[in-house]
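In the two assemblies presented below, chain A is common to both, partnered first by chain B and then by chain C.
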Partner chain A sequence: MASTPQMSGVLPPTTKPAELEYGGDEVSALVLDPGTGTTRCGFAGEDTPKTCVPTSYGIVPDPEDQKYFGKLKIGENPINSVVEGMEIRNPMSDGVVENWEVATEIWRHCIEYRLSSRIEEHPLLVTEPIWNPLKKREKTTEIVFEDFNAPAYFLVKSAVCESFANSKPSALVVDMGHAYTSVTPVIDGIPLRKGSERTSLAGQHLTNQLRHQFSELGIRMAPWLTLKSKTPYTDLAAAPPLRTKDFGFQPHQSFLDLQQDRFIHEFKECVSETWPEAKTFPADINNLPDNFRGIADKAFEFPDGYQRRFGIDRFLAPESLFNPSVSPKAITGDLPKGIAEMIKDSIDHLDADIRANMLNNIIVVGGTSLLYRINERLNHELMTMFPGPRVKIHSPGQIPERKYSAWLGGSILASCGAFHQLWISKQEYDEVGANIIERRAK
Partner chain B sequence: MSGTVTDVRDVLGIDPGALEPRQPPLKKQRTVEKRPDGITRELYALLGENAPPVAVVEHRFKDKPKFLGSVAPWREQTFKNPARKDGLELRHWVRQSSLQEGGGAGGSGGVDGEQDGEVQQALPLDYQFARFNIKINVLEYSDAEYDAVLKDDDWSRQETDYLFNLIRDYDLRWVVIADRYEFEGKDRTMEDLKARYYSVCRNVMEMRTPVTMMSAEEGALYSAMHYNKEQEVERKRIVQMQLYRTPAEVEHEQHLIAELRRIHDSHQQLLEEREELFNRLDYPQSTGSITAYQGSQGLATLAQNILNSDRNKKRKSIVAPSGQPAEKEEPVKAPPAAAVAAASPAISRQGSIAEPARAHGHQRTESTASASAPTPLKDKNKSNIKQLSKAEETQYNLSHHEKLQPGVFFRTMKMNLPKANSFINKSPAIMAELNIPQILSMPTSKTCAKYEVLAKEIAALMDIRKQLEKVEQETKIFKAQEAMGADRSKRSASVLSDVSRSSKRPKKEK
Partner chain C sequence: MVGPGFRDDHILLIAPGSKTTLAQLGLPESFTPAKLRFPTRMFPGLEEGQYLPNKVHELKEGEEMLLRNGEVMTAGPNGKPIKKRKVDSKLSSKPADGKGDTTMADATDEREGNEEEGGDEDEEMNGTKEEGTNPKLFYEDDDDEEGAVWCLDQGRIVNWEAFFALLLHIHETLNPTFHTPILMISQPCWTCTDKERICQFIFEKLKTPGFGMMDAAAAINAAYNVQHSLVIDVGYDKTDITALIDWNIQEVNRTTIPFGGNSMNRHLHKLLPELTEDEIDQLKRSNICEILPAGVPIPGEEDADREAVVRPSEPTTIGMGGVAQPKALDEEGDEEEEEGVTNIAAIVASGKTQEYLAKKEKEKADKKAGLAAGEKRLPNYKREKNSFSYVEKVQDSVLENGKTDHPTEVPDGERMDVDVAPPTTEEPKPVEGDSNAGGADVPAPSSEERQLATTNDAEGEKAAPDAEANKSGPSLMESMFSATKEDEDAKRAQEKALRREEKKRQEAAQSGERRREIEVGTERFKAAEGGILEAIADAAHRVVSSADNYNLRSECWNSVIIAGGGCRVKGFKDALLNTIIAKYQVSPSSGTIFTSELPSNIPTPSGTGTNTPQPSAFNSQPNALLLQAAANNAALAAAGQHHLSIPQPNQGPTSIKVAKIPEYFPEWKDHGFDECMFLGAQLGAKIYFVTDQGANKGFVTRADYNSQGPQAIHNI
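Moving on, here comes the complex of A and B:
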């Protein structure tokens, strides 16, 4: 990432970079990138967020608490520790904040506890998805100025940040996150509403598919945390008895699900793979055609010690991102569009003049885009759909850059000298009210 | 030894002094070796000239890096952005030295807070990023102007205002404007919006300054504002078609492009080859008469001339190596080529020229002969080789002559053609009409004889026709005279009978 000010490391620390070559002006802003999976937060001008907190929180019921009727547990460690009665919830729904009280607590936790910063001293840049409704944007503005008392604030669409993070003012941003995969065309830093699409075929979908796939196989999905020890075995029929820890109480099911997600996440990282070609995935994986070329198996050990080699079935869940009809767990309701079709739809909505440019500048970011060979597949799908124009997929090679692209773009933006005239100041908020966000950040 | 070295240098032209200075550095290097600090002199002497086998490393901290100049202090201070209307103050770190240069006033120390107050007033003027606050100028119209020229059945005033506000907000980024355009009950395409905007601009401009009064700049802007919506829609349709081509179309196109590239690449080579061909075809054009070359002496001179001109040409043109032997042969063939070409340029070379020259041993006609060689051949034929029958003689095209003309010449040249001017002038057209090439492509003795007969007949016919025309002309004159005077009728009648007699003859011959 040459575009972040911090990375221009060729200059000795004693020399000041040329003003316009650098273009940055640090005002010690904070950047907050709330997502469904994690909330990223850090100082503008850095290349990775300082802290990445799970957005899920735990709540331990406490009838005496008037606000939440329970004790909030926020952060990686508290939500992964076994507490009697602790329920895991998520303040986000549909990719945007639903539970404002808790979200505010989480943001405050990120800034004050994790960054040890006084929130009222720093301008704050917050990202939002393109489909964030006006009411929620106003609510965010209110929280930032009323609760946090920030001196200045701005709300940026995450797709814009992602295109900036990849040093492109105009691009078709494909963000494959935890809850949603979105496609957003960005022109000169302005996202287009009519060409943007989203689908729930993303990380969470994969996790659910894999969970279903494992339970179909009859695998005991006891999470690490509940097991005393494991005995390696390969035959499911002759499985040794589970040796679980005795907590003296039964942890909440949502807590157990969260713990299951952790090893499923590991499975996604290590074993899952995307079928690299469009339309050639075998229709019935139990009945492969004779001319089918072999697939290298990959081994995985589940927390209870069960070891299994995964062949073609490890392609199944990622395949459902492109072809939802093959999902191991049938999708209820209308079948969503595959990711490639979604990109095509998005392109079809655009003006004919910019389509070729968009196809040439497709940015693929987000944690789920780290699935092995997913870009290869996407490229193949798009090449098949558009044989004429040049299709080029840009994806940062560094894992953190891909996972935290939205945050990184926000970091670049907030440390950019020309951006400082865009901040919405407390004074402006006091004069106009929460509606100022609609006027200033369109 | 050294003597030989200098000799060699002399021969090679190397300045003897140039290499001298090499030696002193070698001597110096020897003396430079210095005893390392950690070793005693005696021990070092034992080591001799060899470097110590173990590196002597001193355990010491690195020297403090030497910085140029003193460290410039940085100071956190507030600043205002003049591009903002509110007085938002943000804080950033500024290098002390530049602060002094820029602010001027804030030099005399003190606490940060005090200094900030002073600097604030100086800095906002030159906040470097404020200059990026650029707004484009979008035309504005007054109510009167709107009522005068901008009224449109399809576009209300509110909608036009809305459009212009969007244009101002998004700096004429039409893609974004079309994306954000949401006016109640109206579904506008980007072309609709552009057409309205440009027509508004043009109308207002025209109203403010008539087209004839506009300055060059305004005129250029005015004509640039012309927007053809239909054309634009059609263009986009084509762009879209181009974007959604089928794989087969793409493949076909790629094939065509590759073909084009191939043609383009070989174009240069093609041109060179063509030029080479032209050079080969390019023979000396002769305008003078060929009589000078008809004797063997003349032919020899001509051959020499052509040889010379060919040599000059060959130096210029690029000749393929395989072509060279052929070129060497050419001078032999060239003279007849040139001679015939002098008579008529439209000729195929190989047929009529090379053949008589090569095959002279077989062909003896009344007109073609070589002076000395055929005679012994003929003698030998008579003595050693069997006598040929009449049929064989015709088969091999053998002929016998009483008297042979010396020198080499063409049979066609010796043809006995009518010498009349009228024939020479008109024969090409007549020959062309009869589909007979003017230069015989295969001038065997038989063909030549036939050609002669034909030429004679043509000449005779032409003569007769000329006579006929003459008589007819006369008849006309006499008839005219007859009409004028009846007393001359007797004389004209006798002439008429003459004409009828002469005009019957050509008909019979045909």
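Moving on, here comes the complex of A and C:
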């Protein structure tokens, strides 16, 4: 990883360095990786982003405000405070930015919060999903140059970053994120549109499934912030009264959902597990066959103190990533393909001569890939689907490297010496306009 | 790089805070609390863009003003100052502050001199000095600080000019050698550009040979010397919450929330709107303001809410959460003891030994008279009302005697000289006994008091004092003896207290301040009820829950460090810990407490009472080993068909504990560990500048700066 270049000649300690010797080129670039769940940002050349703020924002309605008709609450702390009337929204839709005004504010917050108060001094590298349409790419360019006044900028596909982060110029990148799980073939640093697939079977899907599952069980999903303290109990029928806090108003449902997501997230980390084989998963979990091989229970305590053991049911939501038909909450509309199927589709779309290479270089990254034993399952399914060629799944062993894979790749790229010629400068933008992005970065 | 060979006594430490900036030149043999304290504010100077450390006052003709170094300044006609030197014998006789004090005095002289030459009418009022040196004058209200420019807001530098002027002022005050490297404690919320800017200023203006920055959380962690920790640094208007794993700050998920000591002031002010902000501040710092541990009812209030906070003592948690309660009370006992000790230290240091001894004598006399202190003096938490003595700084003080000279070392938290029921070491501790009785039990004496209390509720307390107390004037007595029925004893004690009161008033009048007893009701127990505890607890939970290495999260919970000036309020730390435990601690599940709702062919783990059983059927893969292998990619390739699963954690935290306070710093023991950040800074400075000599790039050298510019600060 590149660091600040050292000057060869060292001045005597008493001399004040000339202005030219620092600043300018040596200002480190910023890498911004906007996602639906969180937006990551940090300096190029570092191994983890410095900030990771939720992309969701709060809005407190205020008809006086002409721009947003409300007061924006951006950042980890504001959206986790109980404010009357605050509604939680997300500026992203379909994995790409929908509400540009707010997204710009969030990006700005992300950068100015802990990185740099001088946003206009740093070259900015932004990542984008492969399905980002031209309009939005141009809009991003416009914001970076017009709003942030960045000196230089570049837009990179996150799949490319991820393959770089895992030091593979060619790979089949499986990115299991918050809103989408995507499969993108990358050949020598070029992402292929053909063969790239995506599905909404990802983190958010899991959260929704679990939320549904819990409510089916009759669990009161009171989040921490609304409670004073917990009362441990195990019998739902004899549940003690909730020790709720009285705010004098009812928090908005979207806020409660966001707060519920916090313990559901914990559940995903600690209890959820992926069933290792497709075919042995019981068809009806409420009616297990006698010879069914048992699995150990895992206990979970909900914020209100309810303790419960989860057995086979803790496999259900992850199972729905592979087999959407078992989803606890029935999926409306067409049943999407499972993740393994989707990877198969992607491979099938590719030219025969690169298939083997792709199968041998499958990179699985993203926060949802941290789901316990999901890689074993994926491997098992792919091995069954492709018995011939050698299937090999690569996944970083460190948690941050998986979560921030796209950011990390961007950080590596932007700090590369060779990358310097790729930057689109402000001057170029001024000459050509937003369309420069389509010319310079396909 | 060859180290420049810095010496211990040549190291300058600066720790900027929102209210107070700590500084010290030189590392002592045994690390001490910060020698100097500067308010983090400057006053606009006479010229635009110029900042002075003190409020500029106009001295009217014929008025006299006392300078803290024993001079009396008289403004003559035409604004010409006449200077008389009055040698204060005390100044030289105090060894503790000799050095720092004279330096400061010199600095003042110099400045005064300059202004005189300029024939300026304005004279400096020595705002800083008086504050810094006189415990009674430290608390200025806003009028005194009118026009002050506070450099930091919630840790962020809001006024760079003033901040740099302050740094310059500190540097001038300490007047270090040219071989003095500087270590600054950085606020977590400073951005990278902020740090570069400071680095540039330090090198170009202060001409230091070496400069290092240490994060506040890292410094606190270093003071406690723990590998994994959760640092909660309660500041003036903000609280920084940082998780550290393997000594490393978890940068991504650390957070700063806008709650701090000042939030408690604001909340108290809401409850007691009749008090001024300054009074509120002193109330908060006084001994009578405390946060009661869960289960101890607020006297005179049957508060269901508080009861609810008590963690139910169900069997499974006795090993964990259940312990917290009695322990909390024990700790409080210790605290009281500690405070007793520090009070003595502070009093001795402040040169008021005589007064203090006299007070002690009286107490002894009381005892001889057969009054056990415990009988007549109910502990604060059982009184419905209590009072503290408010020290009001007399404004426009034209002082005549030199009683304002006190060392700067006295920490402001202990400056409050509260005379109402000070928890002295002699005082027997009924606390201990009550703690066994458990939370819900209402201690007998307080119920007695409650009967009295019912006659006058909190609102009407001022208008309708207790019947017994009506006999004599001072409000101090009203509260102190309202619960006692032994008239005789009470009377005598009252007389004594009256005399004491008298004496104090006299003294106060002499030293240019006014003392006043202010009585407050149970509001004083509610300082933290403005949501600060919940906000910190929730943010702490978020910080730890988002720490990437989820298998080490429980380690963080096992050494929680609560530091910072804002947590000095009595009982705050315990209350915070209890809040966290009550909401976020997970009971360790044992197989016996609940049954699986699944069919019985699923094996039930044995009810050993241990943590959640690991899944056994499929979990036999040596995941931990694989994880190890994953560390290097070569091994990863060799791992072949095995796929990485990062081991799944159990739900946590199952235990939450505070980190143990290190014991080998005697000076800090008395001082309290709230400012342990400064201890960490000293440890850090010792390692970076002296032991390491720059071998591990612990700081930026002049040469580094010359070659890399301000960005060099990021490479350390």
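As a working rule, the second predicted complex is superposed on the first by the 414 of 442 C-alpha atoms of A that agree within 3 Å, B and C clash if a C-alpha of one lies under 4 Å from a C-alpha of the other, contacts with A are read in each partner's own complex, and residues count from 1 in each chain.
Following the convention adopted for this analysis, a contact is a pair of C-beta atoms (placed from the backbone, for glycine too) under 8 Å apart; a residue touches a chain by one contact, two chains touch by 3 or more.
The model shown is predicted, which means the values in this text are computed figures rather than measured ones.
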item: First (chain B), second (chain C), both or neither touched by A:E428; value: first
item: Which of chain B and chain C A:P303 touches, first, second, both or neither; value: second
item: Contacts of A:K135 with chain B and chain C, given as first, second, both or neither; value: neither
item: Contacts of A:Q398 with chain B and chain C, given as first, second, both or neither; value: second
item: Touching partner for A:S116 - first (chain B), second (chain C), both, neither; value: second
item: Touched partner set for A:S28, first chain B, second chain C, both or neither; value: both
item: Contacts of A:K279 with chain B and chain C, given as first, second, both or neither; value: neither
item: If touched residues of chain A are counted for chain B and for chain C, the larger one; value: C
item: Contact residues of chain A, present in both the chain B and the chain C interface; value: 14, 16, 26, 28
item: In the complex with chain C, residue positions of chain A that touch it; value: 3-4, 6-7, 10-17, 21-23, 26, 28, 43, 48-52, 76-77, 80-81, 112-118, 121, 167, 224-225, 227-232, 234-235, 243, 262, 265-266, 269-271, 273, 276, 288, 290, 292-301, 303, 307-309, 311-313, 370, 372-376, 378-379, 393-400, 403
item: List of chain A residues in touch with chain B within their complex; value: 14, 16, 19-20, 25-28, 123, 151-152, 187-188, 190, 192-195, 350-356, 386-389, 417-418, 420-421, 423, 425, 427-428, 442
item: Residues on chain C engaged by chain A in the complex (per definition of touch); value: 189, 191-194, 204, 209, 251-253, 255-258, 305, 308-312, 314, 316-317, 534-535, 538-539, 541-542, 545-546, 548-550, 582-584, 586-587, 589, 593-599, 601-605, 612-619, 626-627, 629-631, 633, 636, 641, 643-646, 648-652, 701-703, 705-712, 714-715
item: Chain B to chain A touching residues, read off their complex; value: 67, 71-72, 81, 83-84, 86-93, 95, 98, 128-130, 132-133, 169-170, 173-176, 178-180, 190, 236-237, 239-240, 242-247, 249-250
